[in-house]
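The structure under discussion is supplied below as structure tokens; questions concerning it will follow.
Labels run A, B, C, D and E following the written order; every chain starts at residue 1.
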């Protein structure tokens, strides 16, 4: 039993022959925000998806190594991935609202987990989640319009709202602000900060600034390797690995 | 006949009852990069989709007003939207590769437009496009693997490659770098700069920095209105409208 | 961090999860059960079919060496019912045969007649084709009557047999002797696969071959008309049709056609193709046309459903790089909806292959498939039956021998169906993907 | 067109198929095509006109009616040769191991199956549940009968020659008329059957009746004689009025329930479609349709007046249609 | 035949030359062309084919009509007085004319000799009989003249037809070639052509409907002339008798439509859950291998001839049900007296319909993008929750289509009903009682022994027509419902 919320040991991921994640060891603390950064295609999403076994749904994907959540191996056959995913929520890189109304999109999680005793509580949860995801003002008049009719950024926020509505212990967010304007981004970052009070958050981002702003720990991935994992401050000010250094210093975007 | 590549006059767009674009007038010059900025859901994508009549595919969407391309009204019944779209290419906000191989994704446009005389030329076009979109190194060994098996950022670059392979005169890019790391972003920005030498590019972005870096003109949308449209420098240094001012000054992300 | 108050092990399921997982298991079990029920019925049906139909694939014959003289031949040829004369000649010859084999058994000519099937036609055909065999000893393998075959198969026993002009109990003694002497044996019934229909008093001579050909030509027509027309119509309706009254009309029309009883298509075929267009009766071409009209709705409905399920982003992607609507449909949407189209085709063709009622009105049911077509054109135009029609006809005949044939025909039909589907299923497998 | 085309009655079809096969085997003409589809559909197509794309011969299990002839005339089919090929015996049979249904009178059938019967001098809704209820000689078994559906010509024969006869025999008819019914109404009442699972209409063919008898030991079914004779190992037949149904008793007119079978030739096609007349002659030749021919062998009751029919065909004597 | 061959050859040449010409107008550079080079070729080919084929078809239809008219002018009204109709005479002439063609083809008589043929000296009927052409009666001089006229007219007609078609094809060729130029919008033109073809395919369905209505309507009207409509539509008894006895038939429609609906609903109650659960299992749970086997396996169910199902219902399922629900049966209830009942036919039909629901739904469920599933799993939903609440709603329009198809099939099915449900029409609520359907009665009335213009036979057409209208109304209703529902999402 470790002190970490999640710890990954010697994780390898293969897509068929493609070795996408090589020997990654990461410990994610509770009540912290951990950022994954790295060039596109380096395996951030892949690794993130390992943490709640979303990779199970990809036929050709094979995961090796141990990933412990609260000291329990999540790849243990006796672990129920459903319970795991209820604890470890996820916001995907491509916004994927259900072809249902906005309300139903958000209410879906609470409903299946039985988080609301009645319609009023459910309405409350939906409103709170939408508010936190900074979508309430835009959505409140069209709660029953289809979620797929939203703009790109709105869809992304809808997916965030949907994820936090189920109150997970760990929230995995794959580039949650990629389609958001600065103000919305700030609101989501605020949300992340708020979530950190009780849970842990893992966020994939391409914005170094964002990583610096919201995270306490940062992991830098490169070509499937975890190059460096340390305090965010350390990574951004005094990286150990030259690759990190050079990635950081191309400080653009 | 104006000097503008595209000029939009009094454009109104409705999604059913929702008035998404209100009275927008914009003139887009040839050989310039025009950036559309504005908060999420303000109508950037919607307006962009008007410029090559992609909105035709949404049943409930209604466009009013005139949009001229090289002085011709593109909504004129005699205009062939196909030819229009061949001239005015588009990269969508959500990457949407065809469920085909990477090669076929890129080669599709050149094939239907007859841009290559033979297989060798086609190969060349594919390679060149992938290179320009900064995907060649990652993709060259798996050209015949499915495009849907790429990472989010890779898919985005694939869509860029696909769009430029058809050599359009105007390229509309809806947040083309949202899922890209700084280095890839830089490469794409370089590409945009290169394209500008011969064509015009319209880009939607949430990154003010990016807008400032790549564009000569910037349009700021807010709640469906075009609030301000001017030289990029002017917008970022000395905006006229207080709304622009306040959006810019929330300079984050 | 065990101090988290919320900690619950994921290996220990909380009650709610337990309930949900139970629901999950149940749900899954329903699925398995549903398939199992389907499979069970299929197994039961297959078992019934095989059990009743396999006997059709064997036949029992009597070996007989005969020398037919020229006079006998001429005499027989001068009669009205020549085949009966040939048969009698053979029966007369039988005693020599027994002597040659050193067999001693009491029989009379009538008994032999009861044992043999309707063999006169075969014998006559043989000599007319091989005139040189006249005067030469020739060995024949003559089909036994359906009741004697039943005895060999155990369907008829001495206990159940009731003496009749078709077979008497004492006849079975002769059968036993001849069987022991090796003169009566069983063999694979090629004639069933290659033969044509026969009269109701000749179950042994009935074969399904000609009607297989009939079905084959019909299916060619159906496939080459209904698939392109169906897919084209679906594409028009789903992708191009303006949303107006006319489109609605067509849409409702198509669903409605699916509910039109198949016999009504027969009425339509009779009046349009035969009476108005003067196409020949009983022709596979007409059958194919009627079945095409009948399958169209199935193909259109399934094609439309699968066109609908292709996400709009794919269409957008193609349109966005300057593909025309037509190109986006033919290059992207259509290949992606191929599985559904093929499913519709499989089901539609399967239905068309097994349908009898419409054929009734255009003259393909009855005693039709007696001759093989002698070319491709005549394959389409000459009177022929089709497998289900043949099966239907056989099933109604009095002699139990035909009942076996009917089930045997069903086996052939199902094999035909499987072969036909195999290609479509293979193609469908290739087109299936998830994105 | 090379081959003779025939359509019509499914009752005649078996015989026609035997003859067609033999015709093909014994002559140089191609084998005729014999479609089924019912007498009325066959006659309809027969009367559609003259020419290649109409049929040459229609089989029918009933005589041609005025309305048929009218249609024929309308379409220019003026010369029709009627050929009676023999009789179809109609028999009552039951499971061979079932109760001893061996002898019936029309009255028994009427008492068992009629909707209203005469009980103690009153016309009442049929109260009988077992055969022994009204005739102690019959087995004490539940009444279940599988009778041809109303589409079958056989049903008409059954109604006329059995139910109606039984109705008169039992005196029910008289009682009904006495009760104030017109003769027509009484006839209609006589032939009405009980339904309700006691009489079951069979719209399919005799194989279906057989299957039902197979499944129900108490069931009695109505079959064609030929069908019964081909299935004597599973069926036993009942006498009617004390006469056993055989080809001989029916030919002699002793067994009461039978009906004639016909085919009709389009005279206009004789000499133009190869083999039409030859086929007709072959069909009714003594070797084929005679008492020792394959048709009788199979179960057709051969026509005692076959010679007259042969002469009709020979002379191409057409029906007097006007 | 020759004309068609020539036109097709011209098409092939046109395709190649069109392509070639387009390329050369762009001096060999494909990129300067407006459309892909293949489109230019296709344009030429279509320009040749479409007009000439249209002309050919029109001509083929019009020529006989015109010739008939011209031939009809040959005989005067007094010829008609003999009681023959003019159409019959013309038919006869045509047959003789065709016969003469055959005679000439076989070389029995030379073409010239035909002209001098006269009815007195030659027995034309025998002549024609020799070549196997049927003529109703002896050929009169008048008929022969008509036939000769007919022949010469159609000969000239055919000759000019060939010329005209070829000329039009050539004209199309020249026209299209002239238009072929690098700026010519070949793709648009070709696509419009294809669109018209697609539209044409869609109208086949409408034409079929028109055909069905036309082939039913006259006899339906005749039926209603002979039988009161009110008794048909509102009659509660279906008891046809033989018209020979004087029309005491009850031909009430209600018990039949009741049976149809009842049995269809039973079959859907069986088929929809079984099919849907199969589809769900196949697309969501089953491994590839299981799916590859199970799906085609279920599809066999749709291909087994319905007569087999009928026998299966009669011999296996019926007795089984009786032993469960019948007198002294397993459940000790006495609900079922005979093996043939609505429930027997309905359940067996349900089995047959499983693949209609399962296979089609499976394809559609499979087409729901993976991202939808991911989204749901990511929230901690179980697979069944995902299916029920995300995937099925997304796939609903297609699934509804599949179910409608199955329902349609159930309404149209005959053999299973005839064998499984019995032939007795009854207005009963009890599923264990025998019932019958409209379809089964259409078949039995149409193939029966009655006179064909008696109400008992013609009722088949009225039944067909009424069923047609009822299902039409049901479909309109279904469309309305589906539309309404679909507007919420999508």
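One rule holds in what follows: contacts are C-beta pairs under 8 Å (C-beta built on N, C-alpha and C of every residue); 3 or more make two chains touch, one makes a residue touch a chain.
All values reported here derive from a predicted model rather than from experimental measurement.
> Out of curiosity, which chains are bumping into both chain A and chain E?
B, C
> Taking the mean of all protein CA atoms as the centre, name the chain whose own CA mean is closest to it.
Most central by this criterion: E.
> Between chain C and chain E, what is the gap in Å from one C-alpha centre to the other?
Centres of chain C and chain E (C-alpha means) sit 21 Å apart.
> Take the average of all CA coordinates in chain B, do the same for chain D, and state the distance between these two points in whole angstrom.
Whole-Å distance between the two chain centres: 82.
> Quick check: how many Å separate the C-alpha centres of chain A and chain B?
28
> Quick check on chain C: which residues sit in contact with 2+ other chains?
20-21, 24, 324, 336, 360-361, 395, 435 - these are the residues of chain C that touch more than one other chain.
> In chain D, which residues are in touch with two or more of the other chains?
1, 10, 37, 41, 204
> Which parts of chain B, given as residue numbers and ranges, touch two or more other chains?
Within chain B, residues 82, 94, 112-113 contact more than one other chain.
> Return all touching chain pairs.
Here the touching chain pairs work out to A-B, A-C, A-E, B-C, B-E, C-D, C-E, D-E.
> Report the residues of chain A in contact with chain B in the complex, numbered from low to high.
15, 18, 37-41, 45-46, 93-95, 138, 142, 149-154, 156-157, 174-175, 177-186, 206-210, 247, 250-253
> Over in the complex, which chain B residues touch chain C? Could you list them?
Contact set of chain B toward chain C: 52, 54, 57, 59, 81-83, 85-87, 89-92, 94, 96-99, 108-109, 112-113, 148, 159, 162-163, 165-166, 168.
> Considering the complex alone, what residue numbers of chain C touch chain D?
Touch list, chain C to chain D: 79-84, 120-121, 124-125, 156, 160-162, 164-166, 197-202, 205, 274-275, 278, 280-282, 360-361, 363-368, 370-371, 383, 393, 395-400, 403.
> Within their complex, state which residues of chain C touch chain E.
Against chain E, the touching part of chain C is residues 20-21, 23-24, 26-28, 30-35, 37-39, 41-42, 44-45, 48-49, 228-230, 232-233, 235-237, 240-241, 248-265, 267-268, 270-272, 293, 296-298, 300-302, 304-306, 308-311, 324, 326, 336-337, 339-340, 343-344, 346-347, 350-351, 353-357, 360-361, 388, 391-392, 395, 410, 413-414, 417-418, 421, 425, 429, 432, 434-435.
> Would you pull the chain E residues touching chain D in the complex into a rising list?
On the chain E side, the touching residues are 84-85, 88, 91, 95, 125-126, 128-129, 132-137, 239-242, 244-246, 248, 311, 314-315, 318-319, 337-340, 418-419, 422-424, 434, 436, 440, 444-454, 456-457.
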